[in-house]
């Protein structure tokens, strides 16, 4: 029983998720949701890597995903800390109020 | 259509729907919940791709740790209703333009099958060993660097969240 | 063997952890002196690094190299780190808290940079890059009482994470379409077989991530805000360390891994270089905040260096290395002065030449060097870059357009750099109190000025080092 | 012996470093150092001039130090007749400039450092035999000039809100714009010449197609033309001179400006014959504008320095016209005129500086009858004006007549017209200069200038008298310079025509 | 050392010594200057005595470039130059000595003599030049020394203005001359007078005509011919000896001398000759008419000079080189005499120059009066004074060649006698109009009267025996005109004198009857045909407008529109770019994403 699902299917899913991630970053103003969208981006990459790993029969992709997950966790931790600190100062997480510097 | 394919379609569509929900929902809490679901469906896809170890980590780290952190922060900050403003038209438009353009380009790129220049012969489904062993052998240096990174993150989070200022 | 290769990184990690421990055990120590001490230790490490010999071997299963290119950048990063620590020590009063952590983070970021100098694999690349980037998120937002610092941190965070997403997605595609993440293997594979559009997508997305680091158009947009908002030592580190790291990667990836497909990326870099030159220099014209000005200026300089990379010849890559080397001294000089003066509006620099002759002279020389005027090192840097572009133009006339845009950029940049110069020497001071300059800063300034003038007049040592370093790519 | 030239060039720079180390509280010592450095430089130059082999058209006193092997850059200095003449000019003007700098009282240390650096920048350019160092020194003049004007200059307010800051910035931007334009051309030549910066090697190796030559020549012509204030790139010039302090005006109008014309003669003419042939007609037309247009614009000026500023633009038109002729007499005339105008401009600006320092007013209609109080300066000014308007007996006449003859000899209609305009140009020159001299020095004495003091001691008079003497000596005996200029010019033009012949054969 | 070099360079040395060393010692300076020119005069006399055995000294190679251009510095010694040398040094010596008295007490005494010596040097240079460039060099130097001397009293507004005017007007003439020289050079390849005549024949006639006309421009400027005559009357602002030496005897004659010197260029061209002749004729007549209405004692003489120069130029135009030189010489004698006499009168009247404030002076200043009368008669061409011979030759020449010019010339002669009569009668006769000045009037000291007498003698004997024409052309007997024609022409000045005597030889003479008779014409004449006004208008409106346009173009088009525009565009571009830098992360992310997609589009998709 052969599967009709090919590598490209997975890549499509990954690509759409990536696009959603980008869209989320651009559309949303809530820093937290933006961060969620960024996580979606990373997940899209993960999916692509896993799929490549599977279809190419090379393990490196999975290893990289491992690192990505670990780094993403660290990034989220740092990011949320910054957002919290920012909220403490400005009482907002809306990114379009971050415009004290321009010219 | 076999089980694998059915599950693929189910997980994919569900995951993407969750993704849409994340960015389309005005309530951050709901977004976070959708994101958890998305992570879980993603883990399902990983399983379909025989990446069991990664799937497990995905559930543990993402759906578990990361999402808890998110929810925690959302609750902590207690964002008021006024924060849940409507979307800015330009933002939505811009997001759709960029995402749409990206998808359109992906359509062209993925219109033909992606064939690698070389492929290996590792059997990834054979068990953890094949995945984890290289992690500590080949990839020792990145691993160490990641460790440093976590240290940095820890120091950073402590610093940024310390309440008192000496 | 592997430990030998990473000994510099190890030293820095030890220093960083030691700093954290010191802080834990002696919370009340003199942080300023600690900074000077660390700067000295890093300087010693820098000097020690000259005992290391480059080798053609790879380490960690082909992931890590200790060639002359790597050593060149390691030394550059160590230099930058030493100066940033010195600046941190000068900045002590304004940190309010966590000074030791600041030093530790700087050292750890530097560790990441040192690794970056040696990367030969996309996985290590990503990890090391993230180490640097995430550390910089924290450093940028370090002044958590100041809105600007936090705002800069947030912006850097979101855009940095976005670019990380692109990078990693690109790595995924490169891995998927070639089956390897190792640069050497990649080069072999690519030179043997063709590459599809999926590979190109991967390549471009990686380029995006690196473009973000070096602040190239269209990924430059974060730079002015972040440069302005970040604590000044961090801005200096961004301008010197982070940017150099970006270029180290860019050179390594493009010239070691992706050279066989240079026909694809060179035109892209050509256009990006031109756009970056234009954006950075035009945007800087009416800036009133000196850090923001330097932010725009750093975009402009990224453009110059991209010119060298886009030229894709031996002279070009060598010129980029030379440029980075002298740019480090120049920018560190400027930021040292900014820290010593402690003000950010250009108007506040009026009469600096009278208030403190050394600060005035140092900042003026730095500006002139950035503008590229002999006998300062910036001149020779630009000269080589232009030479490289003209060399490329001998076979492809489009490069003349790039050279022309570069020429225009030089003229425009002169305007805004000399506006600072005007404030220093020509305008009358509103506040004429002399500015005290501490001995270490004075020493640092002398080193920078000496380097700017020395490398401007006698370029040979750095050129030789850069030639050696760039020689590993075997370009013609 | 072979180091003499290098010493003469680098001594001022070395002294600048030395001055950097001296305490700012001792301006006297720094000034003495500056005088010493420029004076010794001048003496060395004179010695080299006396030892110069007048029969030899090539480079002499060549000294080469390997500098940057990877780019084949050598620190190579040498003088041929053209460089010798101009080096002499640098020596004379810089020494006199240092002498008249006693009017500077504020921040003297920086002043002399900048002045000395400027001097080396200029003389280095004239003597560099390596294109890299040529460009290096060429650009090196930018910073000192910017600061000299910005820090020590003055521009009477009100002239359309232009300030000295604006003037100095404009000047800097113009010069840099020209320099980078020229750089593109120079680098193209570097590659076309088989990657060598050595001018002699380049002469032998350069291979450039005719069409390429055309635009490379354009790069050099207009690039250097910015500095030579070629129309329409001249507008920085009067403004810049007006704003500059005395010595900076002297150096700039007197010497620095000549770098542009020198670059064209040295690099563009011999190496790019096809390009030269293509552009000379346009150049001649631009020269007409330089000469007449700038001359007429000078007629409407009220500020002494603006008058002289436009006048120098006008005179550079003669220089460029001489260059455009591409014949020995015209180009030799241009070189001699560079020398003559350099000395003359330095003299004029130093004289203006002399009375401006006391009156703080250089608006021509405000001054009247100054000759009663400062007869020496008045006499010098009259002579300078006469020299400027091409009076025989001064070096300017000899050179201008060479340019006229050369341009007329060139023969084409464009050049005939240009010559007619150029000859008419000296009438225009006389008109505005005599007006200015007559209005401010002659006529009824205005009592408000009663406080003026003339130059009485020999020390005070020396720089002016010296410059005048140089003009007169060369004016009476032009062959003292033309004899060394001519062989070198001949050589350059021979290279030009030889290459042209080669190209036509191919 | 060839004596010629001493003649030439002695005055230059004198000028240099005075300027550099002896400026403070006034009398010494003056004596040095006088010694220099008198040495020159003596040496010239010696040369003159050698009669034809002259050796031109070896020329110096002044400027040599290849074989294309060879400019020498040499000296031509022939009859022409020796005659001119005599005039310059002889009359010059007299005037130098006269100046000792006239300039006494002036604060610029030394400067005056330095300039005078410089002038002498330049003038001798013109005389001796052996090529066109050399003559041009001295031509200009003469101009500048004239500028310095006219503006000698530089604090006087009008003097400073007059000096400038003279210099500039001369420059305009030189412009043409320079072009003529260049044109001649391209056609022959040499500037040298000795080499040129052989090569002239090869030049096409129309080019030659143009060359002649252009070179004549130089003479027009220097010899103040119509239409560049306007500077000469103003030049009277200079000290009177200067007017005598420069603006009567020598410099203004340089134009004529130059034409004679280069006659080989002019004579072959009919066009050039015609032009020259008519310009000369017009100048002669016009200046004479203007002279009848002037009131300044020196200005009348200045217009008279113009008129006489017109004669000489006309003579050249009628191919009469020898008559022109003859008249030049005699004119130098009597015009210098007249000016010096006028100077003496002015001294006597305490620097009063208006003839209508004088009167009856003949009793007070007898020597001056006598010599002035001799000068007047000579000028009017009364037999047997020198003017009679030289002027008659020209008029008879005109009669031969061109009747119209002859009539103009004859009428001019009539007017000459008339206005000179007017001047003499008003100044020396009638009743004293300014009693106070008259009472204090006195005869000048001997240093001034001695030169007067010397020149008076020359004025009388200068024309006798046609010695000068003989000297110039020894082998050719001057065309012997019918004597009766010459004497018939005497009627003309006689009529002039009679008319002026009728009007002005009375106690209360005035211009009123003439004014009434001439009507509008008088106004025109009195205002010198409005030439000054015309030129002022041209300078102000035509040149001024063009200059203003240039200035406006420079300021608005080049600086504002061009540079300002470029700078403005740049800064606007910068500002526009900065609009992207909103500070808003969303827009940053959008641009970031857009950038990525655009790059992908161009590389991958397209």
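Going by the order they are written in, the chains are A, B, C, D and E; count residues from 1 in each one.
One rule holds in what follows: contacts are C-beta pairs under 8 Å (C-beta built on N, C-alpha and C of every residue); 3 or more make two chains touch, one makes a residue touch a chain.
Just so we're clear, the structure is a prediction, and the values are computed from it rather than from any experiment.
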Reaching chain E from chain D through chains that touch each other, fewest steps: 1
Fewest touching-chain hops separating chain A from chain D: 2
Relative to chain E, chain with the most remote C-alpha centre: B
Pair joined by the larger number of C-beta contacts - B-C, A-B: A-B
Chain closest to the middle [Cα centroid of all protein chains]: D
Far-end chain from chain D, centres as C-alpha averages: B
Distance between the centres, which are taken as Cα means, of chain D and chain C, whole angstrom: 41
Rounded Å distance, chain A centre to chain C centre (Cα mean): 27
Whole-Å gap separating chain B and chain D, where each centre is the average of the chain's CA atoms: 69
Distance between chain centroids, defined by C-alpha means - chain B, chain E (Å): 101
Multi-partner residues of chain B (at least 2 other chains): 88, 91, 94-95, 98-99, 102, 105-106, 108-110, 114, 116, 118-120, 138-139, 142, 146, 149, 152-153, 156, 160
Contacts with 2+ other chains: residues of chain D: none
Shared-contact residues (touching 2 or more other chains) in chain A: 7, 11, 18, 21-22, 25-29, 34-35, 51-52, 55-56, 58, 60, 63, 67, 71, 74-75, 78, 82-83, 85, 95-96, 98, 100-103
Chain pairs that touch, as defined at the top of this document: A-B, A-C, A-E, B-C, B-E, C-D, C-E, D-E
Of all residues in chain D, those that touch chain C in their complex: 24, 67-71, 107, 110, 132, 135-137, 139-140, 142-143, 146-147, 150-151, 164-165, 168-169, 172-173, 176-177, 180-181, 183-184, 187-188, 190-192
In the complex, chain C residues that touch chain A: 122-123, 126-127, 130, 134, 137-138, 141, 144-145, 147-148, 150-155, 157-158, 161-162, 164-166, 168-169, 171-173, 175-176, 179-181, 198, 224-225, 228-229, 286-289, 292
Chain C partner contacts - residues on chain E that touch it in the complex: 570-571, 573-575, 577-578, 580-581, 583, 585, 588-589, 591-596, 598-600, 602-605
Complex contact set, residues of chain B against chain E: 88, 91, 94-95, 97-99, 101-102, 105, 108-109
Chain C partner contacts - residues on chain A that touch it in the complex: 7, 11, 14, 18, 21-22, 25, 31, 34-35, 38, 41-42, 44-45, 48-49, 51-52, 55-56, 58, 60-61, 63-64, 67-68, 71, 74-75, 78-79, 82-83, 85-86, 89-90, 95, 98, 100-103
